[in-house]
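Have a look at this one before I ask anything.
Residue numbering begins at 1 within each chain, and the chains themselves are lettered A, B, C and D in the order written.
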Amino acid sequence: MSQKVTVAAAQKVIEASRRHAEKIAVPSCIAVVDAGANLVAFIRMDGAWLGSIDIAQDKAFTARAFDMPTKELARSSQPGQPLFGINASNEGRVVIFAGGIPLIADGRVVGAVGCSGGTPDQDHEVAEAGVMAFVPGGEAGR
Amino acid sequence: MSQKVTVAAAQKVIEASRRHAEKIAVPSCIAVVDAGANLVAFIRMDGAWLGSIDIAQDKAFTARAFDMPTKELARSSQPGQPLFGINASNEGRVVIFAGGIPLIADGRVVGAVGCSGGTPDQDHEVAEAGVMAFVPGGEAGR
Amino acid sequence: MSQKVTVAAAQKVIEASRRHAEKIAVPSCIAVVDAGANLVAFIRMDGAWLGSIDIAQDKAFTARAFDMPTKELARSSQPGQPLFGINASNEGRVVIFAGGIPLIADGRVVGAVGCSGGTPDQDHEVAEAGVMAFVPGGEAGR
Amino acid sequence: MSQKVTVAAAQKVIEASRRHAEKIAVPSCIAVVDAGANLVAFIRMDGAWLGSIDIAQDKAFTARAFDMPTKELARSSQPGQPLFGINASNEGRVVIFAGGIPLIADGRVVGAVGCSGGTPDQDHEVAEAGVMAFVPGGEAGR
């Protein structure tokens, strides 16, 4: 049975990320995309930056588009590094700092979560809390 | 006390819209924006059209951008009518068919909900269910 | 086992569409997208319009984004009809004339083919030839 | 007789790049553009990054737009270097790392191939395999 990011699964991820964001007092935008990198669910916590609405979604997109945490792109996209300039690709939707992490089921990337609102390290933490709560839904849930 | 679309208020709206969408069997995308026309919360129900991700958000944007249900724009934007062509403005984010409705508190528009997934009439119904469940949050909730 | 639009499956669709396009002498652009509406394969036949490069891809996107042939949108998006104006949504990628058709496996839409190069009716024919040749690949093929 | 990137020529290039990509186990997106920098053919191999769909096409665009391998732009677009910032031009379609290479016939650039899916060095290798297989089609082939 194929595993996927249903809306119920996405909302559990967001809820877990939100709880962590509250705990560390970082009002955040939190987005979840599915295997096709298309948006499934999103929230902007009260007091979160307006600029984070796009960044959270773009981090989720990026983490699925390259099947890796956006934090890893941070290293390889510095001046002089192999992927310098990659953030201009994909219509500017590639985010090259931490906060986006793939969602994995049965060893395959099936979606991603993206968080924005604090420092990149904080955003990564908030995303990680969501990843840990991820339980993929089955096809039957569709 | 200023009334606003907190994330908690937005999620209640979405939950009510979702229940109605389930009842009429129309898998929908549902979006809520605040007074600044900026996204607060969003869900894509399982099985909803991918093309509705943008349209639901754009309907919510439109309903707040012009402080009226998108259904009213449908009339005035027909060929020969005063607003013909308006849907190309605002970078293509103006939707001129039903499914977006303002959220009102104390007689002022403080946000909007946008729904997409069925016929415009169904989308309007689904949005209306959300509007009816809207209870604005106070500043204290921030 | 989940059925999907592998690159091999997409190339068979394109090859069948191309043969039909040659038969009716309509140099065409032909695009295939997967379940996430993301591009899998594309060709521009010699002599096809440059303007068709985008349109073929957008037709494939549209057919998957709304799980219906783009030809059906043509009716409902006329002035005075329920979806008038829909083509401005989704960043202008919604095509409201014939030539895009969903690819279906086990009763579910798993992708789409989009063709552009002739009249909408010819484009629909060319797309249909591709649809008829569609044999989804399994997960194992990934 | 004018030499050009026919669809048949483009597909041979893509096939050769794909074989090399399979050999080094780097699922890739591979794109070929013609003298006008317009897309002729494209494939996304199974398992290739979604983010590579745009990058492969943009690398092919870039290699033809500046008539040089994208790898050469990497040097001159670093901070402090003459072309710093060039990747934001052309609507973000200029890629400044390896993987795009011009296709040449009779000493003139007549198109380009762009590959994305691995490290820039791997992408360059995959593109090179395509370049080596390039046999331009004549006008008669049109």
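Heads up, the rule we're going with is that a contact is a pair of C-beta atoms (placed from the backbone, for glycine too) under 8 Å apart; a residue touches a chain by one contact, two chains touch by 3 or more.
Because the structure is a prediction, the values reported are computed rather than measured.
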item	value
Equivalent interface positions on chain B and chain C, same or different at half	different
Euclidean distance of C-alpha centroids - chain A vs chain B, Å	25
Interchain centroid distance [CA atoms averaged], chain A/chain D, Å	30
Residues within chain C bordering two or more other chains	36-38
Which chain pairs touch, all of them	A-B, A-C, A-D, B-C, C-D
Chain A - residues contacting chain D, complex	36-37, 62, 64-67, 79-80, 82-86, 88-92, 94
Interfacial residue positions of chain A with respect to chain C in the complex	2, 34-38, 139
Residues of chain B touching chain A in the complex	6-8, 10-11, 36, 38-47, 50, 53, 137, 141-142
Touching residues (chain side chain B, partner chain C) in the complex	49-51, 54-55, 58, 74, 77-79, 87-88, 92, 94-97, 119-121
